[in-house]
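In this document, chain identifiers A, B, C, D and E correspond to the written order of the chains, with residue numbering beginning at 1 in each.
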Amino acid sequence: ADPVTLQLKWVTQAQFAGYYVAKDKGFYSDEGIDITIKPGGPDIAPEQVIAGGGADVIVDWMGGALAAREKGVPLVNIAQPYKRSGLLMICPKDGPIKTEADFKGHTLGVWFFGNEYPFYAWMNKLGIPTDGGPDGVNVLKQSFDVQPLIQKQADCISVMTYNELGQAIDAGFTQDKLVIFNYTDLGNDLLEDGLYAMGDKLADPAFDDKMVRFVRASQKGWQYAIEHPEEAAQIVIDNDDSGAQTLAHQEYMMKEVAKLVDPHDFKLDMAAYDRTEKALLDQKIIANKPQGAYTTAITDKL
Amino acid sequence: MQQGKNAIPVIIVLLALVVIWYVASLWLNTPWQYQVYANKGVSDWTAQQFVLDAWAQDRPVLPSPHQVATEIWKTTGEIAVTSKKSLFYHAWITLSATLAGFVMGTVLGIFLAVLIVHNGAMNRSLMPWVIASQTIPILALAPLFVVIGFNLFTAPPLGLPADTARFISKAIISAYLAFFPVTVGMVKGLRSPEFIQLDLMHTYNASASQVFWKLRWPSALPFLFTSMKVAVAASLVGAIVGEMPTGAVAGLGARLLAGSYYGQTVQIWSALFAASALAAVLVIAVGLVERLVNARMGARPA
Amino acid sequence: MSQLQHYLAIVAGGVSALAFALLVNWGFGSQFAMAAILALGVVSLGRFWLGWSLWLDGAIALFGAILLMVALPGMVPAPTWFWAALIAFWLFGWLFVERLSKAISDKKIDQRVGVIIPIVFGAALLVIWEAITVGLAVPTVIMPPPSMIWAKLVSSVPTLLADFNQTFLKAVLIGYVIGCGSGFLVAILIDRSPFFKRGLLPLGNFVSALPIIGVAPIMVMWFGFDWPSKAAVVVVMTFFPMLVNTIAGLSASGNMERDLMRTYASGYWQTLFKLRLPAAAPFIFNALKINSTLALIGAIVAEFFGTPIVGMGFRISTEVGRMNVDMVWAEIAVAAVAGSVFYGVIALLERAVTFWHPSVRGG
Amino acid sequence: MTADLTLDQNARAVSSQSGAPAAVVSARGLGLTFQTNDGPVHALSDVNLDINKGEFVSFIGPSGCGKTTFLRTIADLEQPTTGTLSVNGMTPQGARESRAYGYVFQAPALFPWRTIEKNVALPLEVMGYSAEERAKRIQGTLDLVNLTGFEHKYPWQLSGGMQQRASIARALAFDADLLLMDEPFGALDEIVRDHLNSELLKLWARTQKTICFVTHSIPEAVYLSTKIVVMSPRPGRVTDVIESTLPAERPLDIRETPEFLAIAARVRDGLRAGHSYEE
Amino acid sequence: MTADLTLDQNARAVSSQSGAPAAVVSARGLGLTFQTNDGPVHALSDVNLDINKGEFVSFIGPSGCGKTTFLRTIADLEQPTTGTLSVNGMTPQGARESRAYGYVFQAPALFPWRTIEKNVALPLEVMGYSAEERAKRIQGTLDLVNLTGFEHKYPWQLSGGMQQRASIARALAFDADLLLMDEPFGALDEIVRDHLNSELLKLWARTQKTICFVTHSIPEAVYLSTKIVVMSPRPGRVTDVIESTLPAERPLDIRETPEFLAIAARVRDGLRAGHSYEE
């Protein structure tokens, strides 16, 4: 079998259920692929792992991937399972922020490490400076949980629909007690959780073929995961080496990610791509319009 | 004798700390407890119930001692050591990297000390950099290092398996922290023979290696053990911090971090206690070896 | 000449000859100066008959390194002669340092000239680093060359200054002062109660061996995102080493000296100020030195767990994510220099205050 | 040499009026046992001794016989387990608190962070003397021990003999007329020691202090003392008290006279009786 | 006391056949200057001295006069700056490399991690003696210094006097017929010292070694030596060489005889002449 190493963007959780299911259900071996899945973490940059030769394919957000392209890592989007963004900004209802107009002068929690681009693009669109002046917003590098909200250290925080939002609800911040800004609904979503490989390697037909088989198996995995959410959640738990995940939370997450992934079509949506590219250019996160940052060759062959 | 004399004061101080901890835990958890009651609409709570609830929150600001104790028991006594939820499993992962790093650091430390003591140029050029090396926040470098190291080890030509690569990367960080106290201690130790002892060897026309093995090495041993106690504690810190960025896979550091992603304060504290216990065990183990060696070398009982 | 120097001299001359041959074979290009220096390196073999100043060895190493660095950008990947020349100049640098150190210990050259030695060592490391990263075209996202780090450093001074201000001037210094100060005061309080001392000292010793860095997420949870939580981590990390060292220091004064004070019917505070604190000074400074490195590490690691978008730890973790590895190294360079200066200042203070201690008196 | 000398002489005048010589130190059935891990160590047992005002008493005996312990008991640095001990008619503690004695240890025990001058000032600071008074006394006592000109040196800049003289100056700086000296010259070479011995005798003659002096050297004991106390090993007992018949005026070469040698021989016999060679 | 004794006696036989006594140590215009930060220190200047086979030579002089330096120069632990020095007819370095002497330092300098037996074995190990030979020699020399039965003790389990004897045994264990001793008994109390002095004399008589002995004690020097070298302070010069007229057989109480006292007085005069009290 051909070895393939997949570097995830985050820790083992149902966000990546499709890949784990494909592995445990033998979809990868059916395609002749010997898969290794490397979990990520808060300080793992998948772009860096692939640049160092530590992975064949990575799960990444497009903002990070295009920024890395400019740094000389020729990342190419080969498939886009996530069609919608799961990113939200939530604020307690009894707090000062009700609408986008209220942001000025307040403190917002943002995740960094390649996850900050959608936020900056949004603020750029609103014309709000992010350097903490009286007319701008005060940005915090947010920790990994909803504590800042509970402890009122920030007026709004970033959450993922499938993860931290659940935690906030558990902590008593039910939807009715929150003001929710949904990046997708506001048209500010930048593509999340796509699959990227190195452009120079893709030129090799053998590698290209390997990627086709890999994406096909992954797609089967996602289909199965979405049809069998409980089983998928259990598979994720089985693959979690940290032993930190709970089944209930993974089931919640599986249910939520099902709303974002289209398991039947992994093709990159060009409208979404163009919007992402424009936002990144506007925000000067990338300086030049990228060339060849995606290929449909793989998804076309499925 | 000395320890026996100290036992009672130590126990009393420890008891006092537990009491302070309970009080602090109540005090810090109070605001959230009010909020919980408010969210649930409970208003007829009694003081006693309030205290008990504050000590039994899901995500307390400061968990109560018995919460931590139960969590530790649940993750050690009640489950198989091979389970990924077992603290023993994680402690072992951390311990193995710690031990490898400790051994590497000790060997490197002794090697540098021998160079420094025997060569004037090495003494002048290495010593300042050895000190400067510790002012570099290696812990800050850990993410970079672990990722790069990880990539280097897994990529060709080495092509090691992921677990081995992670292990080596952690061990190297641990070794970086451990070598310093050993170098400093051994330089002192290898220089500790008195002039008259060195002169004595000189009157026998002893060779450099005879002077080393018959005089310098035995007189440096007490210094070696003292620094090894510091070094073993430092290696543990190195291994824990080295675990944080490697994708939060396994180990006490990963536990600590995973706990903090999900706001699991009880888990953080139990990981912290496990780490502390491990540190204690390691330092005591070095102390035991020291006593054994001392007895063999005919040291005067203290 | 010692045996080591002998071998170094022979090998350095030999490798120069090899590099020279490879350069000729490669076809000179415009490397005439390089050829001249390599030729001089070969000539240095004449030292066994004629003598050869150690400064000449130093000059070969220095000018050779400069020429290599100048030639480097135009030749990627670097040709074989380049590596041979690199090794040759490194050997000359080593030989120079060996001879200089010998001359200093023989009192033939002023003691103070000795500072060159660690500088040469550090410079050699930088040159080799530059040569390998550039010469072998190592991807800069993995390991940037020093020149690139330097360029980044000078072009990002305002950011670096802001980070330095946030992490060092606020979190580190404030945490350090509070942590060391409270450790010191508590030690003095405890010292009066033998019971407490016996109860707390073993615990303090134990706690200083623990991976306290693990409290960082807790402190961020308790004290918020801004520098106070980082200072809190620094306080916790520095407190126990200070406590333990001060208590040890307070019992460091000799029995005879304490008996002496007793014969004067001296009171507790008089004995404390006139005898025990001065005698404890070396221990207290020991803790201050240990803590100076712990403090910086603690503050930076604490910034991994949530922070405003400024600070050295924030920058390091964020720029790693953005693959701006040069910026990461620039930040690390600032941290290293700040840490070394911090340590150096305390070491100088120590020399001034404990001037009487044999370890200082002895040089 | 000013205020304290005058005071001393007044004290003498009072004591001599009272007729019989006053006992500055008086031990009756004194015993001291240390409790150690290996069981009790009897450092002193049944010691009876009177030391009169103005005497120079040497204590000599094999190592570990309790000489130091006896001196420390007088100084209230150890508590006797049996018997009674009075110093200047008070308990040792009372005597210590009224600063009745100066103590000179075997090692100079100077504080390395203080200059010689500041070291001599130490007891004066503790006892609350005014700055002016301090300066006067420092000058006076440094004169007395021949250290003028070294006020601003640090201890480590002086030779062993000079350091020991500085420590004597420190003990003399305040008005105590009892001086306890525990092998003060043990670490010095013979010639320097001879010199300091004769200086000490002159100082004693001038100030009329009472001196208790521990030594290992027979010639030193004989040369200095008006009374030599020979002690036997543990349990530390006084085996002989020898009153010196030597004249008050003692040039260094008195040590070659038959009278001196006779006393020395008696001391040596007393010592040898209690000594085990295998030790 | 076996192999090495036999060798010694052969050596003596040869040297006595050659007529005039052979000079074991011979210094001509020897000078040694240390370069220090405060400028040069002249530790020895123009020393001329011959030490013959079988002599017992004591060096005495005020502190810092260069006694230790002279011994160390013989031992090739310091290099002379002027003049010549031969040991056993060789350069000091040659003598050291042929292991021509044993050196006994002021402190016993035993290695605390080795038993007494292993400490005595140390030079034998370094010099590559066989295990068998080592065992024999250790037994012999420990016998000689009366330490049989203490083979397996560690140094700290022995008294100071016994430690010093062990260090002498260590220097005797290999075949050197020159013994250099630098204040070997300086740290011991007088009674123990007396005892070791007479033991040392017996040992010397039995083994016929040449001994160079540094001391601060006049009685010790006079009691032990066939020749006393008196030295003056820096720059260290030899001011007097006194040949002892005492008989070879010397009971301890010879020290009270007029002959002894006369020599002692001569030594003392020599010493006092060169001594500066301010040091």
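In the analysis below, a residue touches a chain if its C-beta (ideal position, glycine included) is under 8 Å from a C-beta of that chain, and two chains touch if they have at least 3 such contacts.
Chains and their UniProt names: B, C = ABC transporter permease; D, E = ABC transporter ATP-binding protein.
Bear in mind the structure is a predicted one, so any value in this text is a computation, not a measurement.
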Chain B (ABC transporter permease) reached from chain A - shortest hop count over touching chains: 1
Mutual neighbours - chains that touch chain A and chain C (ABC transporter permease) alike: B
Interchain centroid distance [CA atoms averaged], chain B (ABC transporter permease)/chain D, Å: 54
Computed distance of Cα centres, chain D from chain A, in Å: 86
Inter-centroid spacing, chain C (ABC transporter permease) versus chain B (ABC transporter permease) (mean Cα positions, whole Å): 22
Between chain C (ABC transporter permease) and chain E, centroid-to-centroid distance (C-alpha), Å: 49
Junction residues of chain E, two or more chains touched: none
Residues of chain B (ABC transporter permease) engaged with two or more neighbouring chains: 61, 143, 147-148, 151, 244, 257, 259-260
Multi-chain contact residues (two or more partners), chain C (ABC transporter permease): 142, 217, 221, 304-305, 317, 320
Which pairs of chains touch, using the document's own definition: A-B, A-C, B-C, B-E, C-D, D-E
Residues of chain A that touch chain C (ABC transporter permease) when the two form their complex: 42-43, 45, 47-48, 51-52, 64, 67-68, 71-73, 110, 112-114, 116, 132, 138-144, 147-148, 151, 153-154
Touching residues on chain E, where the partner in the complex is chain D: 62-63, 159, 161-162, 189-192, 195, 216-218, 256, 261, 265, 271-272, 275, 277, 279
For the chain B (ABC transporter permease) and chain C (ABC transporter permease) complex, residues of the former touching the latter: 5-6, 9-10, 12-14, 28, 61-62, 119-121, 123-129, 131-132, 134-141, 143-144, 147-148, 151, 229-230, 233, 236-237, 240-241, 244, 256-257, 259-260, 265, 268-269, 271-272, 275-276, 279-280, 283
Residues of chain C (ABC transporter permease) touching chain B (ABC transporter permease) in the complex: 4, 94, 97-98, 100-102, 104-105, 114, 117-118, 120-122, 142-143, 195-196, 198-203, 206, 209-211, 213-215, 217-218, 221-222, 292-293, 296-297, 300-301, 304-305, 312-313, 316-317, 320, 325, 328, 331-332, 335-336, 338-340, 342-343
Sites on chain C (ABC transporter permease) touched by chain A in the complex: 139-142, 217, 220-221, 224-225, 303-309, 314, 317-318, 320-324
